[in-house]
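Chain lettering (A, B and C) follows the sequence in which the chains are written, and residue indices restart at 1 in each chain.
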Amino acid sequence: MSDRLRPSSAGPVAEATGDLLRALRESPPLTQCITNAVVTGFTANVLLALGAAPAMTDIVGEAGMFAGIASGLLVNLGTPTPEQRAASVEAVGAARAAGTPWVLDPVAVGALPVRTALARDLVAMRPTAVRGNASEILALAGRGGGGRGVDAIDTTEAAADAAADLARQHGCVVAVSGPVDLVVDGEQSIRIANGDVLLTRVTGGGCALGAVMAAFLGTARGTGHTPATAVAAATLAYTIAAEDAAREASGPGSFAVGLLDALASLDPASVAERAHTTSAFAPEATA
Amino acid sequence: MSDRLRPSSAGPVAEATGDLLRALRESPPLTQCITNAVVTGFTANVLLALGAAPAMTDIVGEAGMFAGIASGLLVNLGTPTPEQRAASVEAVGAARAAGTPWVLDPVAVGALPVRTALARDLVAMRPTAVRGNASEILALAGRGGGGRGVDAIDTTEAAADAAADLARQHGCVVAVSGPVDLVVDGEQSIRIANGDVLLTRVTGGGCALGAVMAAFLGTARGTGHTPATAVAAATLAYTIAAEDAAREASGPGSFAVGLLDALASLDPASVAERAHTTSAFAPEATA
Amino acid sequence: MSDRLRPSSAGPVAEATGDLLRALRESPPLTQCITNAVVTGFTANVLLALGAAPAMTDIVGEAGMFAGIASGLLVNLGTPTPEQRAASVEAVGAARAAGTPWVLDPVAVGALPVRTALARDLVAMRPTAVRGNASEILALAGRGGGGRGVDAIDTTEAAADAAADLARQHGCVVAVSGPVDLVVDGEQSIRIANGDVLLTRVTGGGCALGAVMAAFLGTARGTGHTPATAVAAATLAYTIAAEDAAREASGPGSFAVGLLDALASLDPASVAERAHTTSAFAPEATA
């Protein structure tokens, strides 16, 4: 843990998670996903199970118009075809114009040139949040060479300073996934120790979380909750559901099925007592 | 219910469903699907579970040739990339030339411009059947602005007249999905009250039904059953299987898995007694 | 069974399977898949469950660079868009330059012109292994017209001579999937009678095996095991896991889920005693 941070009560994020989950189910946020071909189905099912309304609108000529009416947008760079690259730029421009919160997931950035160039362009367009594993966050901050494809080869804490720098530089929330998830926004630092290792044995385990973040950000608009709180709440709801699924699973196949069931039956009232979170504020702004 | 319709016996459709399901399994219809990237895997698995032979042949230079030999074709506009748009036009042209029955699923038509233009072109090419939710059918008939993406915001009955108009105008069957499914062909109107709300919590729950319709239409060729009967039979078989799956499910994840198991074990002999259908004939042709 | 083959002990392949599975889990092979849109998610989940590291890097400008660092590569022609066709050629060129073993899965070759031309080009680039059903292997060898799409209409044994010819002509391993799987390399012929018919009721049941072969080939590099042994070991591990899954399944849906669980829990020590394999050597080289 960075020595610029001091621990404080975890209560606010855990309480906010229950409130946001209730609000999400009452008024399902239309959540646009421009995401990779491997996880589109799973991602849509995660959103539906949670109670959100997915829309995988990712073609040129429609992605931008849709981003203007969506509640939240995910741009995931896992399999960035030319069509998706153009649609991503179109959607992000429209999301910015409309004030739609958007999440950038720079999958395998650093290791591969096409997505690395695109990720650099997109992060400069000031996403509401960036989500990645430690290797991806280090690479996006210019501090590492990236992992081998989608695998993190660095620990979350090794990426904490890079995440804080990225957050301050681009005015965004940065979420680093790992055994302990880290969410920073330049002011605040939240750590979430819920979840299960089976999330790393299912394709889309991380990518779908990016979509859940976009959904929670959409729900949080106008509620007074900060983007960092919404991103942490998304992480907490998702990883608590993962614990429920892991308890019943016989392996990664039944875990993925159970995760959908658990998201659908997740009780907002139980989230606070099950949270393993800490949050801290930086004592001073640093460049 | 439109006052132009009078109730009659539900027996014929329910009986036909068992017969067509038996015939489908004896001689699996080669069912070509040009469908959206979110649901390709689930759709193929639904067809395989049912006993049909899926083929997701959707590239230019192959889609047309394949439509000439397929038993049935689905064109679903959920994520219409330029390649898929061109392949769809190629396939539909070949299907018409060869007499291959084809189903158009105009996902999110009305709300989004690229697919709306394509859907208008394709419906003018006289599909054997059109399948959509109420908002999509209203939009395709020029009577509504479309839903928010894939969500229906109108009821099935609100779309009944638009469905009948579309059916008469293009000489096709129109199927409107909802809590009660409606199938019309300009002469006849069939309502099916089987199914489960969990179908709306699984991505592809509706899209896969379009593929099942294409499979049943392929099987029905040369049997004397009308396209409307085949489309209604597909709906009935699928929604009865959904009831079996819902009974055992703990949520949307286990429901989707159970739906595949239930389709594979669906007993043709039990369909008739489990059907909740009504059918009616228009007493006179109306413009 | 070809009369050029005489039976010998099945021990070596079965023993090698346990050793390679242990090695794969200790050092997960980075397995690049350029595969069809229907099965990307399932294929990645199969690799993750087994213990390998999937990467579905399939765009131009990245596919080649990645093939140079991957442990193994799969090129599957199920839905060959123009982008994927170009990426496949790029990746194969880089794999050859780097010595990365690669597997060609010529889905539906023979029946469809675009992929047939591409498959002919790629097989001439000397894949480490070719995997297909009997109809596909016959078509690739110029001895048949191909099946109806992905369906085999020929038996494995009917393709045995064509497989041996292909293997000798291109210096590759050829694997023919069927009730009894056949693996030949011009010298040796291995038959594997494990598995379950439910593999044919799940989309990607065969395609994912091609990815498992690429993973095992990556693990086998530098171990002294031949490519034919690695391909046979992949088949044996996969089909034994399928038997575990079939025992618990209620149909194709629960079978696919259970297959992932079974791959994750497959015990290397139990593989040898569960194997139903025979292997034979050709008594003389034949043209």
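The rule is simple: contacts are C-beta pairs under 8 Å (C-beta built on N, C-alpha and C of every residue); 3 or more make two chains touch, one makes a residue touch a chain.
This is a predicted model, so every value here is computed, not measured.
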Can we say the copies chain A and chain C touch using the same residue numbers, with more than half in common, or are the two sides different?
-> different
How much rotation, in degrees rounded to the nearest 5, is required to superimpose chain A onto chain B on the basis of Cα coordinates?
-> 120
Which integer distance in Å separates the CA centroid of chain A from that of chain C?
-> 35
Could you tell me which residues belong to chain C and also touch two or more other chains?
-> 37, 40-41, 256-257
Report the residues of chain B in contact with chain C in the complex, numbered from low to high.
-> 30, 37, 40-41, 44-45, 48-49, 53-59, 61-62, 65-66, 69, 83, 256-265
Where on chain B is chain A touching in the complex?
-> 36-42, 78-82, 108, 111-115, 148-151, 201-204, 249-254, 256-257
